[in-house]
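Quick heads-up: structures coming right below.
Two complexes are shown next, each including subunit A; its partner changes from subunit B in the first to subunit C in the second.
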Partner chain A sequence: MTLDWAIVWENAGALARGAEITVLLAVATMLLAIPGGVLLALMRLSPVRPLALASAGFTEFFRNLPLLLVIYAAYYILPLTTGISFSPFATALVALALNVSAYNGETFRAGIQSIRKGQSEAALALGMSRAQVMREVVLPQAARRIAPVLASTWVSLFKDTSLVSVIAVGELAYTAMRIRSQSFRVLEMLTAMAAIYWALGYPQAKLTDWLYRRFGVRE
Partner chain B sequence: MTAPSVPVLAYENVRKRFGSFTALNGVSLEVAHGEVVCLIGPSGSGKSTLLRCTNGLETIDGGRILLDGAPLPPDAAGMRRVRRRMGMVFQNFELFPHRTAIANVMSGPLTVLRMPRSEAEHRAETLLDKVGLADKAKSYPADLSGGQQQRVAIARALATEPEVMLFDEPTSALDPETIGEVLGVMKQLADEGMTMVVVTHEMTFARRVANRVAVLERGALVELGPPAQIFEQPQVARTRDFLSHLGWSG
Partner chain C sequence: MEIDLDFGPLIASWRFLLGGLGLTLALSALTVLCSLVLGGAVGLARCYGPRWLRWPLVFYIDSMRAIPVLVVLVWGYFALPLVSGVTLPPFWAALAALSVHIAAYVAEIVRAGIESVRPGQTRAALALGMSRAEAVCQVVLPQALVRMLPAFGSILSITIKDTAIASVIAVPEYLNCSQTLAGQSFRPIEVWFVAMAVYFMILFPVTRAVDIAYARLASLGRS
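== the complex of A and B ==
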């Protein structure tokens, strides 16, 4: 078997553009899924029962469906129900954000519940409102406590963006697969794809470790 | 009390139940301006519950609690305004671990009083100095001893300039060698005329600092009087029993 690595260099520009879209998609998803997760967690912990039930329903629905199915469903159902044709990128973003929000919701809920009651009471005793207690005291501590979980969700998300290649979003996996099918250089393109994902993912994992050590709160 | 002034705090026949357990069974007590009242009694007697009802951390099931003659408001916004006028110190300090000592003290002024940052900072510096911790302003709670944390917590509670301070067993979680520094700060506050309600097991403190001591048992106030009476000539058998269990010889 002969390997022809020239195919990788010839398509370096396209691969770089794909990698850029992968990063963009992951960042945009997380930017939606963090507030989404906070909202789901606050709804789930709310004494207003319909809110708690809606959040629980949403979470259990999206957490237990394969992401690939959600991506396909978004691709076919979104335009049908809204009458608007979304770009593949926007469709992918919606599907990923729904899935990751459901995971983040559970993570934030666990984080919020792990902050002991005395902390809220001390804040209430100062005269803070419930919203201020959450914003000033509970969420900042919960966020630090769940940082490692969010980081690992991020690392998974970064790799899971490859699934949206099935709806022709021109991210890294789609680009690599397209070049493979045109050139038949399967092994070279798979190797290149693996190397790029790994090279991008590894520093992120290390960075999140560092952030955790830097901002972790001791008690 | 011969003074015509309204008591800062008045408890009128306060009742509180947790399920089938009666935590407070009709407690009545008045706390005058500048007075230090220590609540003592066996665990489960309702001392902490009475304190927690005072600022609405627990709701009451009967009776009334009045601050400066006005009953505690039933609504959340009204209760928040009342809480600014009461400082509370907890057994486990409950400093915010993600904030430095000075940021903890600034929490109330910034968030609740909406004070400008520079003014809040100045007030917090003054208060940290008052509790002897000016040099620890930038320290995080995890880097402070228990006694230091509790002194920061006192400064934090004072930062909204409350009319009354509520202490819930402030020294029970402390190492013996740091209890003195916290009691010292509390004594100083009392000497400055702060109205204080203190739940405590520190009988020496109660005897030296309290104007009156209230003995609770099973949710009822069994005896109320000046320390000399409570500790030397208790009128009620149950007070004598409680003090003798502590090894208090009078």
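== the complex of A and C ==
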């Protein structure tokens, strides 16, 4: 078997562009999914029952579907039901944001609920307002517990962006697989794809471990 | 906007879809089984194995956490046969790739479970004259296993979701069948709605059971 690694260098520009779109998609998704998650958590914790139920329903729905299915469903259902034609990137963004918002909502809710009730009660007894209690007592502590979980969600999201290659978003996996089928250099291109994902993902995974060690709850 | 739904083509192909569902469940069950065995071995070897083995195992685990499962799957199916000379049918290639990927997560769960048992207990067991193997099997593992159980439940739901990715290498599991049917029937909306309902009905009971297990078992095995 002859290997021709030159194909990778010849297409370095295209691969770099693909990696750029992967990063861009992950960042854009997180920028939508953090406010989305906050909203879901606030709805879930609110005393208004319909809001809490709607949030729980949304979360359970998207937590219990394969992401690939959500991507296909968004690709077919969005344009037909809204009448607007979405670009593949926009479709991918919607599907990923729905999925990650559901996970973030659970993360924020668990983070807020992990702060014992006695603390808020004590703060209220000291004459703080509800908003003050949230801002000055609950959130600073909850943030330390939320940060590492958010980091692992980010790592998962970064890897999951590869799935949108099925609807022809020109990110890293799609680009590498396209060059593979045009050049027939299967082993070289697929190995390069894996190596690039590894190089981008490995430090992120290690950083997440560090965040867990740094902020992890020890009891 | 008015959409008329017609589930006729779906109902007409129920055998085809049921076959896909069967394959999804079979692939999930086999993947969970293989990754528990492989991941359990890796996790134990990492904690108790020889020192020289630890570095490659940690490298394997962290690499799997860094590379998307789609990439492992596509590499294993298209590139690995060029290196090894052995071409596996899609189903077995998917089983191997998914197991290798998920086993890394299982290994992390096993390690976390073992490390959650305080080292003082092992020392106490050794001081009482137990052998190292006895201390591990009779003191550490029984407690560690209870704590690992809910996390193994999450592995089950992650696996069922990940098997959908096997559709990319043309394993005719449920998602792949839905794709075929969506193309042939010209009724994609109905097909995808039903697919969402089917996956939800499988996964929801699993995640509920895991949530309940977390709540029940969290207090058990605490030392």
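Just so it is clear, the second predicted complex is superposed on the first by the 186 of 219 C-alpha atoms of A that agree within 3 Å, B and C clash if a C-alpha of one lies under 4 Å from a C-alpha of the other, contacts with A are read in each partner's own complex, and residues count from 1 in each chain.
The working rule: a contact is a pair of C-beta atoms (placed from the backbone, for glycine too) under 8 Å apart; a residue touches a chain by one contact, two chains touch by 3 or more.
These numbers were taken from a predicted model, which means no experiment stands behind them.
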item	value
First, second, both or neither for A:Glu121, with subunit B first and subunit C second	first
Touching partner for A:Arg144 - first (subunit B), second (subunit C), both, neither	first
Larger contact residue set on subunit A - subunit B or subunit C	C
A:Ala90 touches, of subunit B and subunit C: first, second, both or neither?	neither
Contacts of A:Ala14 with subunit B and subunit C, given as first, second, both or neither	neither
Touching partner for A:Leu65 - first (subunit B), second (subunit C), both, neither	second
Subunit B and subunit C contact sites that coincide on subunit A, given as residue numbers	none
Complex contacts: residues of subunit B adjacent to subunit A	55, 57, 76, 80-81, 83-84, 86-88, 90, 92, 94-98, 107-108, 111-112, 140-142, 153, 156-157, 160
Touching residues (chain side subunit A, partner subunit C) in the complex	1, 60-61, 63-69, 72-73, 76-77, 80-83, 155, 159-163, 165-166, 173, 177, 180, 186-187, 190-191, 193-194, 197-198, 200-202, 204-206
Subunit C - residues contacting subunit A, complex	1, 3, 62-63, 65-72, 74-75, 78-79, 82-83, 157, 160-165, 167-168, 175, 178-179, 182, 188-189, 192-193, 195-196, 199-200, 203-204, 207
For the subunit A and subunit B complex, residues of the former touching the latter	118-119, 121-130, 132, 136-137, 140-141, 144, 217-219
